[in-house]
Amino acid sequence: MPRLRDYGLTIGRYPTGPLNAITDVPGVWVGHTTLIKDEPRVIRTGVTAILPRQGEIWRDHAFAGFHTLNGCGEMTGVHWVAESGMLSTPIALTNTGQVGTVHEALCAYGQESGWTTTFSLPVVAETYDGWLNDLDAFAITRAHVYEAIAAAGPGPLAEGNVGGGTGMVCYDFKGGIGTASRQVDTRSGTFVVGALVQANHGDRVDFRLDGTPLSGADYALLSRLAPLPWPEPKRGGSIIVILATDAPLLPFQCRRLAQRATVGFARTGGMGHHGSGDLFLAFATGNHLPAQAKQLCSLSMLPNPQMDHLFVAAAEAVEEAILNALTAAETMTGFQGRTVYRLPGEWMRSKAKMPTF
Amino acid sequence: MPRLRDYGLTIGRYPTGPLNAITDVPGVWVGHTTLIKDEPRVIRTGVTAILPRQGEIWRDHAFAGFHTLNGCGEMTGVHWVAESGMLSTPIALTNTGQVGTVHEALCAYGQESGWTTTFSLPVVAETYDGWLNDLDAFAITRAHVYEAIAAAGPGPLAEGNVGGGTGMVCYDFKGGIGTASRQVDTRSGTFVVGALVQANHGDRVDFRLDGTPLSGADYALLSRLAPLPWPEPKRGGSIIVILATDAPLLPFQCRRLAQRATVGFARTGGMGHHGSGDLFLAFATGNHLPAQAKQLCSLSMLPNPQMDHLFVAAAEAVEEAILNALTAAETMTGFQGRTVYRLPGEWMRSKAKMPTF
Amino acid sequence: MPRLRDYGLTIGRYPTGPLNAITDVPGVWVGHTTLIKDEPRVIRTGVTAILPRQGEIWRDHAFAGFHTLNGCGEMTGVHWVAESGMLSTPIALTNTGQVGTVHEALCAYGQESGWTTTFSLPVVAETYDGWLNDLDAFAITRAHVYEAIAAAGPGPLAEGNVGGGTGMVCYDFKGGIGTASRQVDTRSGTFVVGALVQANHGDRVDFRLDGTPLSGADYALLSRLAPLPWPEPKRGGSIIVILATDAPLLPFQCRRLAQRATVGFARTGGMGHHGSGDLFLAFATGNHLPAQAKQLCSLSMLPNPQMDHLFVAAAEAVEEAILNALTAAETMTGFQGRTVYRLPGEWMRSKAKMPTF
Amino acid sequence: MPRLRDYGLTIGRYPTGPLNAITDVPGVWVGHTTLIKDEPRVIRTGVTAILPRQGEIWRDHAFAGFHTLNGCGEMTGVHWVAESGMLSTPIALTNTGQVGTVHEALCAYGQESGWTTTFSLPVVAETYDGWLNDLDAFAITRAHVYEAIAAAGPGPLAEGNVGGGTGMVCYDFKGGIGTASRQVDTRSGTFVVGALVQANHGDRVDFRLDGTPLSGADYALLSRLAPLPWPEPKRGGSIIVILATDAPLLPFQCRRLAQRATVGFARTGGMGHHGSGDLFLAFATGNHLPAQAKQLCSLSMLPNPQMDHLFVAAAEAVEEAILNALTAAETMTGFQGRTVYRLPGEWMRSKAKMPTF
């Protein structure tokens, strides 16, 4: 699948990590289960699992923080993230109606893996794929969640119509999963900030490429190449953003990082509509937090002023991850014969330019 | 089952509603599914459903607000409550591991009931019953959730070892579901504040009756009559508090009311331990909020200074609801032959006194 | 002073109010005290007063809500705004070191005006003008605050180097006060959203015009026309945003509106740097809230889905208000002979274009 | 002045520090300026300064966190505490109308002490003393604030009618400043938790001694010995709580600790009335945070489960600090000849008892 940079476009001024993906953060693994079938019901959905610390997050927690831009969505487990300051479970992304299935699957997986003494408060987030997917079919099973976990690994990462993003729609184009990363040099060392998004938000009229609004000509061309998927622009939709870094951030610094997803999101045309669930989580693996710690934990902290570099990196990575989701997603026909068109490659090519700075 | 007042004890200075229950708030219905069986596995669990507006909450929302005393627990749907200011689904209480089952059941119930256009962000909360219940059995099914909804109605309400509270432990005594209510006269009219708790929290050493700590003699007597259920006091546990009122509160006023559950909770000896999920939700039915409102909604608001009456009422109702849970719960033997003893009635009788004021 | 639209530039797709200013919201008055003198000390500072309800906000409160993008700044009075849901005092903007003087002046003004029974919790916010202003001089007196209040009125509004914005720096250009407004048609009626900013934030490298980042050529040209005011780009700075609307919003809706200031801010290049105090307050005059209400208050509420129009309006108004601050501010030399250059008009003219949509 | 324990009463089950005062936390200094005069105007007010790290908090910050029980009050500087995770200035407590004077005095003190490069965002909190003090006189000057700072030191601490607490009223008795501390043994070491309160809250009808509500006989006796200071019980009032510990807590753990002040407060009869400013701040000196840190900071963290001990300690210390304020305060006559009576010592003596546990 093509990525934004394949069209000669870049975002921002910081260098990417080697893969330009959340998996550039050491130990962060991602796996997808993608469900696409037409019989007996039309299914276009899936699960994306994010496993920090090569899956050992149950044993060795990571500081984390959370931000809500707009709360018309679900992300479970965040009461505990906020209270304990830590992420202590994998993260799974899926569709709106099956948060329950995926939540219980993670609880069961924890129990079967011998983690029964750990509280069962997993992080499961969702966006709504009912336009292309027959939500009433409740197609996702516990086995599908286990599959996504089993599939998780390091390295390059499928984007677009995969995993939890399979049936998503973004700026009235086909949306889905996207990722990107940035490398950041600070006085305290070099760190990576990675973003993964499940992008299902936005009105096309608001869409921006590298921050620039569509001209009237752009909009007309895009409308011809990629007709709107519904009679009139439907507000709403949602985006889940997961940010990861290997910098040694404390929980409040993670929360601050999560909040900067708003900046990258806004640069693509995001608003945080009333009917949108725009929920952002950031975790930092730079400190180790054994689940059974009995003595004082020794930690490091990035000095606060150096957060500015990570803020820029987070905004850039989120912006590019959304554009990667749009670039990678392919036109899809699904539930009730509806078609959602991809962001046209020819239009993207016409926008190629030198880096802005 | 006996209630606190059957022992000649009262809490606070405000009068109760007719039933001294959350169902004193007009239109608030409660139903339990209680699962107690020994074969093939030892099950002590259940579901409690709270249906505002006689179940029509999907159509006619209610303002609501949320407070976290300690976040080691799950209550789904609250991003949406906070963002929209409204409760738009029933509430269900259950055990920790089956939040997922119950969540998906409410989504499915909504779909089957023709509410497919409504976002599927139900409020499901939990406390941990793994001491008495074989959590790995995942005993609760979608049908059990439907049963609790079908059983919901007005009127007196079973307490103790019922519904979501079936297997709970509170101050090292048998805990469970409890309820209470208060009537409040304000310049703006008379209102009811009702509380329902799923009480699974606390160390016995911290337990207080009407705010008074246990004396050494009390503690020794109680330890003889009701031995601790575990080798040494285990911290943690959790409490879910649902507050309802027919006063016309706005969302921020609901949030304030929810926060006052802390006061009643503290008077019983509650602390908000690290491993406790102490999550409080308040909703107010005094304004009608049609799901499909297209024009300005006409509302009423209780003047802020009159909130003081409701604050006192909420604190008293929560305190008494916890004590009612303890009073109604009976000694239970469950998973792995463990026994949790009830708060001894003879001790309670010895504490009978005149109202304090 | 020129405004953005004088250069043939527009922002967004919604129409402005008649004045394209926060004073388009009926009853919102603004007044400035501007202190510019070189003897005995170099003073470049001031106070901007915002008086909702023609100054009668002490008697007739307005629902309000608050959002923090980054908290390296002060805005007093917001504990009370959050708790009561209401703004009950005027708002004053000034420099960092004299929040105290201005705060006490508002308390004294309240007392002298016979509002002694009202709690003295005024909203005073600040940004740092110590680059151009001799902060140690503590030049602002109580009388200056009274002057700003006395000067407040409806109608067009001075921008740039005035009031609290006198000595501010924005994107390494001269910053200050800016304002803009939008008109919004909803099913529930037509409303105005107005923004006023005190803009003192940002690195030039991040600056964007209508969302588009600077090209290398842009940056070189700007650096020649308007050299950086300091040896190397200094991070930090701050922005205060005040949003006003005549729509009947409840407090949680005001908070949501305030949060959307982030979107407009991000489109200009804003990030929320570590050392920045990016504090946003929104109030809504569409409901009347008598300070002495004894009975239920009758209110209206905009249906939540219609908030989307106001979100777009708020983002656009904030973006344009920041650009208006930059456009109106003139080159200033101040403390220690330092000069901060204005955003060059000739560069602005070169960017004139048709509306993007 | 007598303290609670002089009457044979104790609170809770944890041992106190050597002084049973916030100054048991090493390096925490406290100083009062007390203004009591009758000419030319009737003044009953003051300032209390809390200087962590022997005043070096400007150079070596401390992690901190904040909680609001009810926000009808002011505590400045907390946007920055929340964002940076740190307390970086002294704390000052005073009356409602002179937050400004004290705020500006701390800014000026910082500048004069050569800390001009530090942002000027001091923590100043207040409660309302207008019943006994002629607030319109604005009696406090910058010099009085400097005096309180100069007077600050380690060791025993005056309580009752001193400093910011001079003119306060609590449960309709004379209130003021109170303090207490607890020692806590954890697996990670022994720590101190200290509390200082400026207590100006509560209705007598709600007052509780060691958690036990007043009986009718108690209330009648107290009303005879200490008549209510006003025609009928006036709701409102406020309490400021400052918690300090030498445990190495992170910011989120400080916030959690601050929230537990609610528990101790509730046990004395506190509610968080609508008109009350019940604002709680906790800081932890166990980690050193140089203001100019350029490299990764090395930190320690108390394991989360061990927070339970500190929670109990915080609740007990706050409860006893409130009771110490009541015990130490003496009957005062002030503005307009009004008298507020102390909590009668003979009643206290009648309540002496053995420790409850």
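List of remarks:
Each chain carries a letter (A, B, C and D) given by its place in the written order, and its residues are counted from 1.
Quick note on the criterion: a residue touches a chain if its C-beta (ideal position, glycine included) is under 8 Å from a C-beta of that chain, and two chains touch if they have at least 3 such contacts.
Here the structure is a predicted model, which is why all the values come from computation and not from measurement.
The interface with the greater count of contacting C-beta pairs, when A-B is set against A-D, is A-B.
Comparing mean CA positions across the assembly, the chain most remote from chain D is A. Between the Cα centres of chain A and chain B there is a gap of 35 Å. Inter-chain spacing, taken between the CA centroids of chain B and chain D, is 33 Å.
Centre-to-centre separation between chain A and chain D, using Cα means, comes to 44 Å.
Contacts with at least two other chains are made by residues 70, 82-84, 256, 274-275, 304 of chain B. In the complex of the two chains, the chain D residues touching chain B come out as 13, 69-70, 205-206, 208, 210-216, 219, 235, 256, 259-260, 262-263, 266-267, 270-275, 304-305, 307-308, 311-312, 315, 354, 356-357. Against chain B, in their complex, chain A makes its touches with residues 68, 70-77, 79-84, 96-105, 107-108, 111, 116, 119-121, 128, 135-136, 138, 274-275, 277, 279. The touching residues of chain B, when paired with chain C in their complex, are 82-86, 187-189, 248, 250-253, 256, 293-304.
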